[in-house]
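So that you can tell them apart, the chains are marked A, B and C in the order they are listed, and the count of residues begins at 1 in each.
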Amino acid sequence: MYSETFIPAVASLGSLALVLGIIILFVSRKFFVAEDPTVSMINALLPGVNCGACSFPSCNQFAEELVRTRNPAMTCPVGGGELASKLGTALGITMAEPKPVTCVVLCQGHNGNARESAQYLGIQDCWAAAQTFAGTKQCRFACIGLGSCIAYCDFNAMRIENGLVVIDRELCTGCGACIPACPYGVLAMQEKKTERYFIACSSHDRGADTRKACDAGCTACQKCVKECPEQAIVIDNFLASIIQEKCTSCGKCIEVCPTKVNCILRVRDLDSVKSKKAS
Amino acid sequence: MKTFKTGGIHPPEQKLTSGKAVEVMPLPPELAVSMSQHLGKPAKPVVKVGDEVGKGQLIGTADGFISANVHAPTSGKIRAVKPHPHPGGQYSMTVFITPDGLDKWQEGLNTPEIDWKTLSKEEILRRITDAGVVGMGGAGFPSGVKLSPPKDKTIDTVILNGAECEPFLTADHRVMVEEPEAIVKGLEIITHLFQGKARAVIGIESNKPDAVAALKKHAEPKGIEIVTLETKYPQGAEKQLIDAITGRTVNEGELPFDKGCLVHNIGTAVAIFDAVCRNRPLIDRVVTVSGMEIRSARNIRVLVGTKFSEIAAFCGSMTEKTNQVITGGPMMGKAQFSLDVPVTKTTSGILFINNIGLEKSGEKTCIRCSRCISACPQNLQPWLLANTAQLRDFESIELYGMSNCTECGSCSYVCPSKRELVHWIRFAKTLAGKRKQRQSA
Amino acid sequence: MEPLKLKVSYAPFVRSKDSIESVMYNVAAALLPATLVSVYFFGWRTLLVTAVAIVSSICFEWAIDKIRKKPSEYLDGSALVTGQLLALNVPSGLPLWMIIMGAFVAIVVAKHLFGGLGFNIFNPALVARVFLLISFPAAMTEWQVPFSVDMQTAASPLGILKTDGLQALADFNMLDAFYGIRPGSLGETSILALLPGAGWLLYKKYITWHIPVTFIGATMLFTGIFHLLDPLSYASPLFHLLTGGLVLGAFFMATDMVTSPLSLRGQIIFGIGCGVLTAIIRLWGGYPEGVSFAILIMNALVPLLDRWDVSEIKAKKQQSVKAV
């Protein structure tokens, strides 16, 4: 007796499914897009985070372009040298090896050592604050710590600690997406070395003004310039900078620096990044 | 009574100082003269530390087409030339002058009044440009540039803006009451530049009957119209003023001269008169010092470069409850982060307030009350612009008419959810501009 | 002088005194006469019904703010208004657990599942009312007779019209209906008590005339046409105005800021749509009353009406860009 009700139901739904299946089959044949298997193979090798560091909007587009042009100069800064050699073997060419870079913060003025100028109340975004006034800290070159850059980091390598942005050097891949996100320009890319020195300050104020605003600012005191055996440190517009080509990482400058603004950046191998991603 | 067509609000007027005559503030111990007191590129300093300057001497020259000269407000010695906080919220190159107390004019300046009819048009324009006259209403557009519109545009209406629609501010009001002759002469000079054929109008809000009376007495014999405008914010915004007086709408991407109009501020007219007839550069201005937290609110004539802290001390100092110091009016002004900032040519007012709304600030969600839509004088959808800005969708926001927003603040004023509508729009304008720059680069 | 710690924010530095709270508490105050009059007509139990509706709404709001880890906004008045409106939309004899259930549907389902205040598409109180009406049709149509001591119930005038036809309403008194002496839900009966609140909201500009006028106008026009064609089987437009929840709905529920269109054009279309749908449901629908359904259906149309305005702005701009 139930058959009267369920047979038509099963039959109608079944035939509907059949018809739709045939349509899908037809469509998939008709609109089939031939995909180069090399592209998908290359794509599988790439990090797959679509960070845009290679100037392509996605990893897939990078793979397509690479397969099409076989241009050995195309590099993925995130993957680094290891990926370059893998890609080279896969395509049978010798890929250029990108210089590993990492992001550094050119400011050390956190809430504890940098003086506050005024309290900011409003849209919690660095750009919104920057168009309202010079910054929450007395130093107008400082990181204001509202963290607009964090949204641009695809690798969770940035966080705000005590009013200052901090970069996790193991997670940073050097894609550079955060650089234009900072209205104050306190982020910069620097080449990775096992041990390197750089000036973690952006203040072009005169020494006295810098010291008034922040305990960790470069006062352009010339001590490191005199100390450096390689003459690798120059002072331009009240701010020291280290010429990386000349620097031998001897560490003498940091010994004499009165505000310890010379910051050492130690970088381990890229392996730590890779192993994290694999897991 | 005339007014603009759409939108507008009625914030409490709070004109505490409208009956107070302008007082001259004594010379401060130091002047910090900013090199960017106008729209456009900052002026280039032409003095060195240690130089002696006379009152009115050129200390910064215009750098580029849209820029203006800067002059020493008093005689003295240059102490320093370095970046210093600016009332716009940023730092700008500033010349510090230690006055010698003589206040001695440089040779050839501040001469007895001459008749402008004896001067050629080129000479008049040259005097205005040399004197560093800029729009004194707030934006600071160099007047010399504004007075030389492209040849293919005909100006048939010259409007002097005496609306002063911002709450608290009374500087223009007092100038209208106290110096009507100078205003009328300044306006005559402007119309003379346009063959004297242009219709000359002074628009004044109805809450200043004494200013209307004073100007009527001097202006009407010279064929200048006085138009009384409804007291409504933003009556003094350029586009709204043109709409109220001529009925013409300045569309997106157009400038007033596209509609045959030219709008100048009351203070600018006086500055033009001073520059042309008395060879006096723009070195001082009338400022309203007001707000609930200043002990003695008043209108003062101060030298450009006087620090806010000096002004606060002159006006009986501020109370402990002060939590915001604002330049300009409360609707479109800027909050200051330091009291070291100096007065510039565009500082129309300094307000000391206790903004209690800040304490419980924090944007709530939009409850779709549509008040921002009815308040917007530019017929925009502020909620939509702000929502799009929040999503960082800078492509669509252009299509919603972002660049048509004059940032008058009416939408933020009426919003019951206390959303920062104007700030979001301003934010989007900045970032959309950056984005375009990066794309074209 | 010791520098004060200044606070920097963006202009404007003066703001109007209106806030979400002031809007909501004003609506609640505007509904107060209706609530008080209902006590006079239907006895002290209405007070209990109202109290339970309001308290449970606020409790649900508080709980869900906690669950959603949002700053507590349960006292911003929106839950209060929802509870008050819910109470005004049910019969005075409704079991209290049903009211609590209604409050749950209003606050949790209709409001917070859609994203909370400002994001809900449908009027929460109306969703709750319709939910109760569909789930408990008997309890939701046991209208108490005014001034009856023993909770005597009767059909509402619209119910009589639906089941027994126009001739059963021969002794219907228009003036009594205006005062509110008829069976019905708490708030809808007394037009007299609703009018001061409506006037207050119009005066304070919390609502504009567009939605109520077009809503009531469309209902009366539509029913009026059929009354003129056949006065014996269709009731007069005045009868439709004075019975059911038309006035309550038009002034207090269709005008809800969150669930009504932004532009004036949208509001007028919205009002007319509500009015026509109400009339259609009342004349030919399965339910005697159509105000709630009409408003909810038109609520669903609001995003579309708003989108129309936005796409028009876009198209205009694109055209002007092309012209340049």
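General observations
Here is the rule we use: a residue touches a chain if its C-beta (ideal position, glycine included) is under 8 Å from a C-beta of that chain, and two chains touch if they have at least 3 such contacts.
What you see is a predicted model, and the numbers here were worked out from it, not measured in a lab.
Core chain by CA centroid proximity to the global CA centroid: B. The interface with the greater number of C-beta contacts, when A-B is set against B-C, is B-C.
Between the CA-based centres of subunit A and subunit C the separation comes to 52 Å, rounded to the whole angstrom. Centroid to centroid, with C-alpha atoms defining each point, subunit A and subunit B lie 43 Å apart.
In this assembly, the C-alpha centroid of subunit B lies 48 Å from the C-alpha centroid of subunit C.
Within subunit C, contacts with two or more other chains are made by residues 5-10. Each of the following residues of subunit A touches two or more other chains: 118, 121-123, 128, 132-133.
Counting only residues that touch two or more partner chains, subunit B has 89, 334-338, 358, 361, 420, 423, 426.
Per the touch definition, subunit B reaches subunit C in the complex via residues 9, 11-12, 89, 167, 252-253, 309, 312-313, 317-318, 320, 322-326, 330-339, 351, 353, 355, 357-358, 361-362, 364-371, 373, 381, 383-384, 396, 398-401, 407, 409, 412-418, 420, 422-423, 426.
The touching residues of subunit C, when paired with subunit B in their complex, are 1, 3-16, 18-20, 22-23, 71, 73, 116-119, 206, 257-258, 260, 262-263, 309-310, 313-314, 317-318, 320, 324. On the subunit C side of its complex with subunit A, the touching residues are 5-10.
Contact residues of subunit A toward subunit C in the complex are 116, 118-123, 128, 132-133.
Across the complex, subunit A meets subunit B through its residues 117-118, 121-123, 125, 127-128, 131-134, 140, 180, 205-206.
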